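Please read the structure below before turning to the comments.
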Amino acid sequence: MTGRVQTAVVGVTGYAGAELARLLLRHPRLHGAPPVFAGRVEEKDLARGGVPLVEIHPQLGGNGAGKLKLQPFSWELLAERGVEVLFQATPHDISREVVPIALSHGLRVIDLSGAWRLTHAANRAVYAFADEGSDQAAATQAQAAYGMPELHRAKIAGARLVANPGCYATSVILAVKPLAAAGLLDIDRGVIADAKSGVSGAGKAPTARTHFMYAADNLSAYGVFTHRHTGELLEQIGIAAEDIVFTPHLLPIPRGILSTIYVRFKQAQTRESVAGIYKEFFAGSPMVRFHEKTLPQIQYSVHTNYADIGFQLDASGRRAVIVSCLDNLLKGAAGQAVQNLNIMLDWPEAEGLE
Amino acid sequence: MTGRVQTAVVGVTGYAGAELARLLLRHPRLHGAPPVFAGRVEEKDLARGGVPLVEIHPQLGGNGAGKLKLQPFSWELLAERGVEVLFQATPHDISREVVPIALSHGLRVIDLSGAWRLTHAANRAVYAFADEGSDQAAATQAQAAYGMPELHRAKIAGARLVANPGCYATSVILAVKPLAAAGLLDIDRGVIADAKSGVSGAGKAPTARTHFMYAADNLSAYGVFTHRHTGELLEQIGIAAEDIVFTPHLLPIPRGILSTIYVRFKQAQTRESVAGIYKEFFAGSPMVRFHEKTLPQIQYSVHTNYADIGFQLDASGRRAVIVSCLDNLLKGAAGQAVQNLNIMLDWPEAEGLE
Amino acid sequence: MTGRVQTAVVGVTGYAGAELARLLLRHPRLHGAPPVFAGRVEEKDLARGGVPLVEIHPQLGGNGAGKLKLQPFSWELLAERGVEVLFQATPHDISREVVPIALSHGLRVIDLSGAWRLTHAANRAVYAFADEGSDQAAATQAQAAYGMPELHRAKIAGARLVANPGCYATSVILAVKPLAAAGLLDIDRGVIADAKSGVSGAGKAPTARTHFMYAADNLSAYGVFTHRHTGELLEQIGIAAEDIVFTPHLLPIPRGILSTIYVRFKQAQTRESVAGIYKEFFAGSPMVRFHEKTLPQIQYSVHTNYADIGFQLDASGRRAVIVSCLDNLLKGAAGQAVQNLNIMLDWPEAEGLE
Amino acid sequence: MTGRVQTAVVGVTGYAGAELARLLLRHPRLHGAPPVFAGRVEEKDLARGGVPLVEIHPQLGGNGAGKLKLQPFSWELLAERGVEVLFQATPHDISREVVPIALSHGLRVIDLSGAWRLTHAANRAVYAFADEGSDQAAATQAQAAYGMPELHRAKIAGARLVANPGCYATSVILAVKPLAAAGLLDIDRGVIADAKSGVSGAGKAPTARTHFMYAADNLSAYGVFTHRHTGELLEQIGIAAEDIVFTPHLLPIPRGILSTIYVRFKQAQTRESVAGIYKEFFAGSPMVRFHEKTLPQIQYSVHTNYADIGFQLDASGRRAVIVSCLDNLLKGAAGQAVQNLNIMLDWPEAEGLE
C-alpha cells in the first residue's frame, strides 16, 4: 500500500479514542490525511455537521485539529472519504455487530474491543456475545489476528482484521511469554499475575466505581478468578487456567498498569540467562524496553507507547518476580493499535510512536 | 433537656451522613443511645429489617456499630423510638418537604441542606424551591436559626430548627465576618473569595464531574458569579452582591476546603490589630483555631472538626490575604451539626468533637 | 495496675508519633493524664520549655492539646512525671540503645521500631544492629513479646517490653496465620504476598523516593526478596523463606496497606470452611474485621484502628486470594501500640480505638 | 540561519530539562541533530563518557534516545560540536555566571531561569544576585529579550539572549496583558491573581514541601505578597505593585497551573467586546487557545504546549473572572523555550509543539 492512506476512527469519545486521535493526527505518514471521526451524533449537532473534536477533547485543540468534527457515522461517509483502515474503539457488543459489515465493505479493521480476541469459545463465554455460535461470527473470528506485534507480527501484516489486545493482557503476556516459550517455567508451581491499573481502564461512564471518592486514596482488588482478560492470557501464553491466577486492582491514578508476576523455574537460572531470553525475544521489537538492571515503574511508561519489563531473581535462581509496566491507553490500546497500523501498511513499526 | 437523648439521622448514605454517624456513635453523651438511621429502604431489604450500616459504610463497622441498620423511614418509627432531635441530611428539595412535618411532630431539627438557610427570597431564587411563597414555608423559615455558632450561638440554643450552613459559606463567613463586624473593610474596593473544595462536596452521585478522570490531576473553576452559597455570604457577612466575588474550584482531593480571601482596609492596620480582632471574635468559640503566625493549610483541618484561619498583611497595612480552611464534611457539615446539637442541648460546645 | 497511668512518647515528630499522640490524647482512661512528649529539642526552643505540639502537628491543636510541648528528653523528666509506660517511636538503632536503659529504670516499653521484633539472629541480620551478639541485647530480646494481640495476647499482658509489629508484617500475618495454624496450606506450592503501602510508610525524611513527583501517579515495587519485614513473616507464620515471596510496592496515597495474598490448600475447601477458620481465629479479637462476603479495600481501614480481611476461593476450592487491609499508621503502628497498652494494663482491648 | 542547527542543553536533569529533551528529540527540524546534553558528571561516570540519558529519565528511552549521554560540560565540548543555541535550564545563580560567558563565545542563549527576566533593579532585589550592579550584568541584561512571543515576538527573533518567562508569570501575563493594553482595566480597583501550581514547579530537590505527605491531599498558599515572579507581572503588564496581588498555591498534582484572575473594568463590557480583545491580541499566536464559551481547566493544558484562556463576565459587565491554564513545564518552561527557538531561527512558531 503506498501513497496517502485514509483512516477512520469510530469511538473517538472514549479515553482510548482520544489517544488514538492524538497519535493519528501527529503521525508523520498521515500528515494531510487526518482520520475521519464517525459515531453517534445528537440531533442538535447535525445542523453544524457534527461535534467539533475540541469540544469533546479540549486538550487536542490546536491549529491542526481545530476544524475536525465527529461526524454522523454511515458506511457512505466512509466510502466517500476513501477510508481504507477503520479503527473500531467501541464496546465489544458494538464491535461484534459492526466489524463483519466493515470487512464486507472491504475495509481493514483494527478493533480495540474484546470482541475478536479469543479463539476458543470457552474463553469467550464470559462475554456472552449475542452472536456466539453463528457462522458469521466464526468466519470473522477466523480472519482475526491477535494484535500483539511481538508475538504475531507476520500475521498482523497480512490481516484484514486485527484484534487489538486487552491492556492487562498485553502487560502480562509480554512479561511471561518469553519465559514460557523458552520452556523455563515450572508451570505446575503456578504463575501469579498481580496487576494494578489506573482508572481510565474502567471507562468513561460515571459509575460508583469510577467516582473520585471511590477510587482516590484507595486500592481495591476486583474480578478475582473471573476477569475477562484471563482468556487472552491462557491462549497467548499457552497455559491452563489452573496454573495461573490473575488479579486486577484499581489504582488511584488516571493511567498506567503495573503487573507484578511471580514465576518459578524448572532449573536454577542466572540473571544473565533470564535477561538473555528477554533480549532475544524482543530483539526486533521497538516498542518493548527490557530493563536489564532495574525494575520499571509506572512513570517510566505513562504517556509513552512502550511496555517496560524488568525482573528480580531470588538467591536460589529458582524464583523470579517480573515487573511489567505500560500505559493502558497507549501500549495497552491506542499505541498498540497504531503499531499494528504501521505493520499492516508496511511502515516502520515505531513510526509516530516515539 | 436532661438524661438520655434520642437522635435520628435521615440521609446517612451520603458522605456527610457517614461522618454524622461516626460522630454521633462516638459522642460521649450519646453512649448507649445510638441514632436511629432512617430512610428509603429497598423492597429486598425489608425482610431483614433494613440495611446494615456496615454494608453502606464499611469503615464504620466495629463492635458498636455492627448491629445498626438503616431502617425504613416513618414518623411512627421516630415516635416509637422517642426521637427528640432529627438530623436531616437530604437534598434540599426533600428537606423543604420533610422539615415542616417534623416540626409539627414536635421534633427539633438540624437540617444540613440549603433548604432553610436564607432569609431573603431574592437569595433563595437560585434554588427555585417548589413551595416558595407558601405560608408554611414562610412560617418554617421564620423559625430557622442559621447554624453557625460563632455568629448565632444564643439563637441556636433555643431554636427548634437549625439550618446548618453550607461548607463554602462557613469557610468564607468565619474569615470575613470578624473584620466586617469591626468595620475595618473598605467594602467599595470589594472582597474576593477564591475557594477550593475537595470532591466530596460534589456529592455521591456518579456524574461526569465526579468521575475520577475528570477530577484527578485537574483543577477547575465553576459556578462563577452564580454559586448558590453566595446568598449565605451576603446575608451573614452583610455585604452587597456587587461588593463580593465568590469563585469555587474543584480540587483533586477527597475532602477539605481552602478559601483565599482578599480584602482592603479603610485604614492601615498592623499584624497585631488584625489578630486582635480575630482573637476577640473567636474568644468563646472552641471550634475555630486562629493562627496568629502562620497560614493554615487544608491538612491542618481535614479529619478535624475545626475551622483554621490565618492571614498575611502587605507592607502598607492596607491589604490582607486571609486563608480559611476546614473539612467540608465536618466543620462544613456534620461536625458543625453536632456542635449545634451540643448547643441546643446545653452540652459543652466541643463535646465529642475533639 | 489501677488508677491514673502516666505514659510517655519518645518520637512524636514522625507520622506514627502524631497518630499515637492523637489516640492517647483522646483515650478515655487517660483523660487528665496526657502523655509526656520527650525527645531532642533544639537550643533555641529550650528557653520556652520545648516545642508546642501544635507547631509540630497543627492538626492536633484544640482546647486540650493547646498547651502540650515536646520537652527535652531525660530519664529525670520521666521519673519526675511518674511515667510507667514508655512508647518508643524512634528509628530502630535508637531503640536498640534506649530500650534496655528504659527497662533498667523499671519502665514498661512499647517499642514501635524493628529493634526487638525478631527472635532469630539470621532474621535480624538485615538490620545489622551495632549491638548484635551482646549479652544485653540478648537479655532484652528475651523479654520481648511480639505485640500482635491476635497471636500473643497473654504474653503481651505480662510483658515489660512489647515489640510492636511492622505494618506490612501485621497485614500479611493476620491474613495467613489462621490458615497456616489450621494446617490448611499446601506450603510446598508457596505463599505469595503482594503488598502495597501508602507513602507514610516510607517515613518523614525528604528523599528522592518520598518526593511527590516520584510517588504521585506512580506505582513501584521495591525490596524484592530482601524487605526487612520478611523475618517477621517467617517467625510468626512459621514458614521457610523459600516458601514465601513478599513484595512491597509504594502506592500513590498517603496511608493504608492492601496485601493480596495467594495460597493453595492441601485439600479442596468451601467458602464456609475457610470463613469458619477465620471467624474462630478472630473470635475474641475486636480489632480485626473479617468480611465474609466481600473483599475489603484500603478505604475500609484507613483512619480506623482495624485490620480488614476477606478472601475469594476459586472454583476448585484449592486456591484462594486473600485481601488484607489496614492503616499502616494505626493498626500497623500507633493503633496496635495502644491496643497493646490496653492489654498490658488489663483495660478493654478496644478502649479508645473505635 | 539555515541547514542543520546544533543545540545544547545544560540542566537536563530537572523536570523542565526532561521536557526540553523530549521536545528537542522529536522536533522535526532537529532530526539527525539531537542536542548536546552537558552538565556536572560524577567521577565514576567519566570513564563511560557520561551518564546515559535513559538512566536519568527512563521515560525518554527508545530507539532514538538510547545512546545519548549527559556529558561533562566544557566550552570546548560545545565548540567541537558546533553548538549555536544553548538552552540553560539551571538555577538562576548558575545562569548569572554562565550566560555572559556563553554570549562571549558567540552562542545564542535561551535561559530558563529567573536570572535575566527583570529590567528594573528593584524587581530583581528579591533574587539578591551576587553580581547585581556589575557592568557585565548590566550589559548582559541589556541584550535580553523577555521570551514571551505573544508580547515580544520581533525582539526575540533577533535576540542573542532570551530570558524564558516564569511559569506563573506566563499564566498571569497572558490573561491580563490584552485587557491592560486595551485600556479596559480599572486599575485603581486592583487586579487579584490567585494562582495554583502542581508540585513540579517546586523543583526536584527533596524538601519538606515536596514530600508526598506534605503535598498530597493538601492545598497551601505560599509567598503571599512576596513571590519573586511578581516583578515579571509588574514589568510586563505595566502595573504598580499596589494594584495587584499575586498569591501562589501548591496543588496536589504533578503539573499544571491554573490562575484565577479578578479584574474590574472602567466601563461595562459585553461578552463580545472582551472576547474581541483577546481574539485580536492572540490572532497571530499559535500557542494560545482562547476559549470563547467555556472556562479552561488544568487538564486542557497539561501535556500540551498551549496556554488556555477563558473568562466569565458578571451581570453588570463591570467585573470579570479570567481563568488561565498551562503546563508549567511546557508553555511555562520548555515548550515556550522551544517556541522561542523557532522564532529565533525563523522557523514556524509552533513547529514541534503540536
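Quick notes
Note that the chains are named A, B, C and D in the order they appear, and that numbering of residues resets to 1 at the start of each chain.
Note that a contact is a pair of C-beta atoms (placed from the backbone, for glycine too) under 8 Å apart; a residue touches a chain by one contact, two chains touch by 3 or more.
Only a predicted model underlies this, so the values are computations on that prediction, with no experimental measurement involved.
When chain centres are defined as mean Cα coordinates, B lies farthest from subunit A. Work out the mean CA point of subunit B and of subunit D, and you get 41 Å between them.
Centre-to-centre, using mean CA coordinates, subunit B is 36 Å away from subunit C.
Subunit A has residues 214, 216-217, 252-254, 297, 299, 302 in contact with two or more other chains. Chain contact topology: the protein chains form a complete graph, every chain touching every other one.
Those residues of subunit D that touch subunit B in the shared complex are 189-190, 192, 194, 196, 214, 216-222, 224-225, 242, 245, 247, 249, 251-254, 256, 258, 260, 262, 264, 295, 297-299, 302, 312, 314-316, 319, 321, 323. Across the interface of their complex, subunit B is touched by residues 15, 199-200, 204, 206-208, 210-217, 252-254 of subunit A.
Contact residues on subunit C toward subunit B in their complex (touch as defined above): 26, 58-59, 61-64, 217, 286, 289, 291, 294, 296-297, 299-304, 306, 308, 350, 354.
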